[in-house]
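Two complexes, one shared chain (chain A), two partners (chain B, chain C).
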Partner chain A sequence: MRISSFASASALALILSSGAFAQEASLDLVEPIADYKIYVSENVAKLVEDTTAFVAAVKAGEVDKAKELFAPTRISYEAIEPIAELFSDLDVAIDSRADDYEKAEADPEFPGFHRIEYGLWEKNSTEGLEPVADKLLADVKELEGRIASLTFPPEKVVGGAAVLMEEVAATKISGEEDRYSHTDLWDFRGNFDGARKIVELVRPLIADKEADFLKTVDANFDTVDTTLAKYKDGDGYVTYDKLTEDDRKVLAAAVNTLAEDLSTLRGKLGLD
Partner chain B sequence: MLDPKDLRRSSPSLDRRRLLKGLGVTAFGGSFAGVARAETEHHSVADAPVANAASPLDSVPYLGIHQAGIVNARPANGMVASFDVLAKDAGELETLFRLLTARIAFLTVGGPVPVLDPKLPPADSGLLGPTVRPDNLTITISLGASLFDDRPWLAPLKPKHLQRMTRFPNDALDADICHGDLTIQICANTQDTTIHALRDIIKASSSQMILKWKQEGNVPVITPGSDGRAESARNFLGFRDGSANPNSSDGAEMDRVVWVGPEDGEPAWAVGGSYQAVRIIRNFVERWDRTPFGEQERIIGRTKISGAPLDRRDGSEFDVPDYAGDPEGKATPHDAHIRLANARDAAASTNTILRRPFNYSNGVTRSGQLDQGLLFICYQADLERGFLTVQQKLNGEPLEEYIKPVGGGYFYTLPGIRDAADYVGSPLIAAVRGA
Partner chain C sequence: MSSPDPQRAGVPSSRLMTVALVGAAVLALAGGGAFYFASQKAARPVEAGAIAVRVGAKSCEPMDLTVPAGRNVFEIENASDRPIEWEILDGVMVVEERENIAPGFKSQLTARLKPGTYDITCGLLSNPRGKLTVTASAHSEAERAKPPLKAFIGPLSEYKVYLALQSGQMSQATQALATAVDSGDLAAARTAYAAARIAYRHVEAVSGRIADIENAIDPIAAYLAGREQDPAFTGFHRIEFGLWHENSAAGLKPVADKLAADAAALRDRLKALKFEPADLAGNASREARRLAEGPIVSGDSLYAGDDLSEFAAAVDGLEKPVSLLLPLAGEASPDTAKAVTDAFAATRAEIGKLGGPGSAPVAYSEVPPDARKALAAAFVALADAVDRINPALGLE
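Right after this comes the complex of A and B.
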């Protein structure tokens, strides 16, 4: 008896103390998270708008126009990936890759942006893509609806900055994401913008205490900006194969370091 | 005759073969325990690690005029990891070298890992628990030609034989596992320790270098014979490998074979370093296992069971083959691997290299065969006279049907970290600044 009451008492104490802590952190984060929700909502609205045009081009058999719209359409999805990924069924439907399927490109299950990308670039055709395009638009709209009713978990929002960098570090820096169109630099832009937005929103909360940390993070974001700027082409970017080996290394190191540094952002804000 | 008590304090200049011969005689005198102990303290690089003798408390000093991990015996696990380096100037390169030195100092000596606020990612991967123990860990830093070639401020200081590995006729080099600006050779008793060290270094150096490739391997541990003596480890072809290695506890011999000295015409900063050749050599083991036993022995040039030369099958792996007495190649064919590699004459003795290889086993190829082979690592004072010359002699050897070099590169192993205030590569940084 004694032992069990002692155990439950300490469990209660633990819940109380961590609850109090989380609440304190959450109070500070109310404003940044509200602002982030606006950012995500704006991006997902843009995603629906752009996907509507992209899907229309695919269904009309306008290969060149569809190719032109592919990368700019994706950029708003890439910027909000930490939130979009909270709905794993939709993330798979919208953004999975051929390697996620046993028969790769030939797999009838292979859906979404990359299935269409494969048709457009590898087959130079929209043949058979109509149902895939319809499904994509439906999924993107579904995402918008679900985000509208989502309570944003603070640790997911703050942790999202690191998640974006982890994604680039693990499966994008190799150029495997947009392997048919080689429009990876557009995706990078979206990922970096999304991560930097999160840092900007919480900056006031840590500006005094973590000045050195922010200085390093800013310097790495600036390195990324400077490097990507070299590959700007009109409103977008040249293809990934134009990236020099030296610049790929610079980007890889900046991404790895941002992933390391931003992995501490949750803890710095007292989030568990 | 050698007294076991003296063996325990075996001098580094003691000749290994004389020692072994002495042990054979001593063994009959009955001092097994002392002899066995002497042998474990007197490992040669090629010796297999002794079974059940490794302890997590084993340690190799990281300070010295040469880096650790070259003349000391191989522990059971080894790895080469190759990196691209970001450094744009001497200051950044110094920062990287100092960081590597700090990690080497912690990881090879051991100690408690820092404990952080649980809301933060942990400082350490935790693979070795709350206290890191040295586990015989050595971490050896070497530089590739590309580090120099791509940096005008560093290029004039490139060691004179350092070059990018080029294809030999039997090679099928895969660009994804070749070259690099900087390699880290990591060796330890257990694989957990090598992987822990690699992950520690990657985490600490993320802004300064990027992992390019890595290959792990191991050395089979062997239970010593009744005379307590260690044998050379076997490779994945089933043959003993390294029997003809120079005696790595002979300081003068290592000065001649391995270490770059002031007379070698290298940049002054390079004295105390060595050339490292790494080759990832796939073995076609299924095919090898379907090759007649006698043919296997003729291809290698040794008996498979004991490693004895073919002209004295009842001898041991340490007996020297008598090629002068076999001019027609009747016992040991002229194109046998060991005869081509080392003709055992005066000329060949100038091409001696110190081999420090590990066996690797990676998985299955697309053809459904085992992807196994040798992570060949060797050290020499002169890359041209050493590895390059030996490999040229081996070009076209019958063994080529069963092996395929697919990766690796040539690197310059930096001089040692002299004392706790020094850092690896400091003479190179001083040379850049002085130039």
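Right after this comes the complex of A and C.
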């Protein structure tokens, strides 16, 4: 007990919360949240660096080089999505899909990574992509600045592990994210790394009380690692269509279980 | 863990159902594994009192919602023919969201909302947004006057990140200083010294309380029996004495190496520190008073004379932890928040007055006692304002 005057307020919060695992949030979370911000800051710095090179290739009309840089550039964004997505305007500008626009790919408003992906793979060209590329670089730089001045909400950080897995389950396992390049496995890698990082950071807080939970989560992360490792190609991964139906099922089951289990993490840490 | 368990009631399972439902739709399309999710569909819990929102092709229904503060459950129905994302937005910031709700499906979202006005998204990005008004409740009013412990986790984390970054910069600058001293590059050494001092001022509200390191890093000659000749005269000011008073880097290498080692140790010690919510304003106020009583009256940088830029850096270092509390203080006591903001502006203005024409810094020896007294008074007034924060947040 750190400051006894908090006890009554927390007790009230506990009563009002419906989470079965609800408990008092502890200041022990300060450390993991601070470390997570440093992790996100490092990743967004890498994103800016990689996007700079990617955008330069697009603007120089180097289609092959731009294709090569597309997936490795995105991986840093995918790892920090729980935070990046909090900025709705930038998330739309950087990572929205054609479905969000009335005229889909033909919509002049369709921006960001997937607009460039569409040009590079479907048209095999960088024609008309110059302003899109400039805007993308400006947007990831803006993201870096906003992250620097953001006080990370603890419930978004802890909840982020589940959010990442839910997104993979809900909108990525189908291969619809990188539908033109089929580089989805790279994105998965970023999503899994980002989710596992969060679990690692809060592990000391729940290691004693939640040993079984952690064992199950670890086992599912390991299943994902083993499955993804089969599709490794150099520093990255083969295209998504090479994934066998059996392995897709293995991944889907692991991801769904992870999403379900990790959604209890907020409650376990008193953040519901 | 592979079998669905509807007994895992409450929030977690409503989140699970979202995943499962959408996952089911997607996998049905993908042509595999749908049975697993379909088996969960039947167990879908119904949350009593959920607020229904129907998203059509062009708008939400209703477009205008009012709910009480606290936990609210929304049930979003996608009545359009495209997959949608539903978000509650506070400006550009996402408060809560539910992704990829398939056409014809419903999805639940739980949000803990503070009083205020929010936007809700309604399908396509080009569609108009709806409005969500959250009205105060007895519970939200109580939390406004006395925020729960978890409201301080974010601010405390952010302050630890700040301390880590600043002490990291200080450590790097002291290493650059040691390198410059070693190669006898006086100009580079002076530049690195100044950079290290700025970073040091940023963390001093906390580092000043770590006595052993403080005594190694920052002793001033006036407090030592043998003044500049005292063997305990070490750290920053010993180097400053060499670089400015003696105009030379000669003989400073062991001192600079020790300073770099101490700076690295300080960085590690700061990382290991644990803070209470009351420390954020408490340390800032204490440091403002310390500056007012000592350094501002007598000057700290007796040889380089750049006290004014160091005091400006100190104000930045005081403002960081305090600014992290201002959103909470602004809710609990707008008067207090305004007094604090005004006091920071007044303190900066007081330093600015002494800054001379343009941006050229004035040597502190040129600043007369009266002006020093006025500056000290501004720091005391700042401390007084900052001292109002903890009581306003129920932290005392």
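One rule holds for everything that comes next: the second predicted complex is superposed on the first by the 247 of 272 C-alpha atoms of A that agree within 3 Å, B and C clash if a C-alpha of one lies under 4 Å from a C-alpha of the other, contacts with A are read in each partner's own complex, and residues count from 1 in each chain.
We take it that contacts are C-beta pairs under 8 Å (C-beta built on N, C-alpha and C of every residue); 3 or more make two chains touch, one makes a residue touch a chain.
None of these values were measured; they are calculated from a predicted model.
In the superposition on chain A, contact is made by A:E109 with chain C only, not with chain B. By the touch criterion defined above, A:D100 reaches chain C but does not reach chain B.
Once chain A of one complex is fitted onto chain A of the other, the partner contacts of A:K249 extend to both chain B and chain C. Within the superposed three-chain model, A:P154 lies in touch with chain C and out of touch with chain B [touch as defined at top].
Of the two partner chains, chain C is the only one that A:E166 touches; chain B does not reach it. Contacts of A:E260 after superposition: both chain B and chain C are touched.
Looking at the superposition, the partner that touches the larger set of chain A residues, chain B or chain C, turns out to be C. Contact with both chain B and chain C is seen for A:L271 once the two complexes are overlaid on the shared chain. In the superposition on chain A, the residues of chain A contacting both chain B and chain C are 220, 249, 252-253, 256-257, 259-260, 263-264, 267, 270-272. Chain A contributes residues 2-3, 5-6, 9-10, 12-13, 16-21, 24-27, 29-31, 33-34, 37-38, 41, 85-92, 96, 99-102, 109, 151-155, 162, 165-167, 169-171, 173-176, 216, 220, 245, 248-249, 252-253, 256-257, 259-261, 263-264, 267, 270-272 to its touches with chain C in the complex. For chain C in complex with chain A, the residues that touch the partner chain are 1-2, 8-12, 15-16, 18-20, 22-23, 26-27, 29-30, 32-33, 36-37, 70-71, 82-83, 85, 87, 89, 92-94, 97, 99-100, 124-126, 139, 142-143, 146, 148-150, 152-158, 160-161, 164, 274-278, 324, 394-395.
If you check the complex, the residues on chain B that touch chain A are 84, 86, 117-121, 203, 206-210. For chain A in complex with chain B, the touching residues are 220, 249-250, 252-254, 256-257, 259-260, 263-264, 266-268, 270-272.
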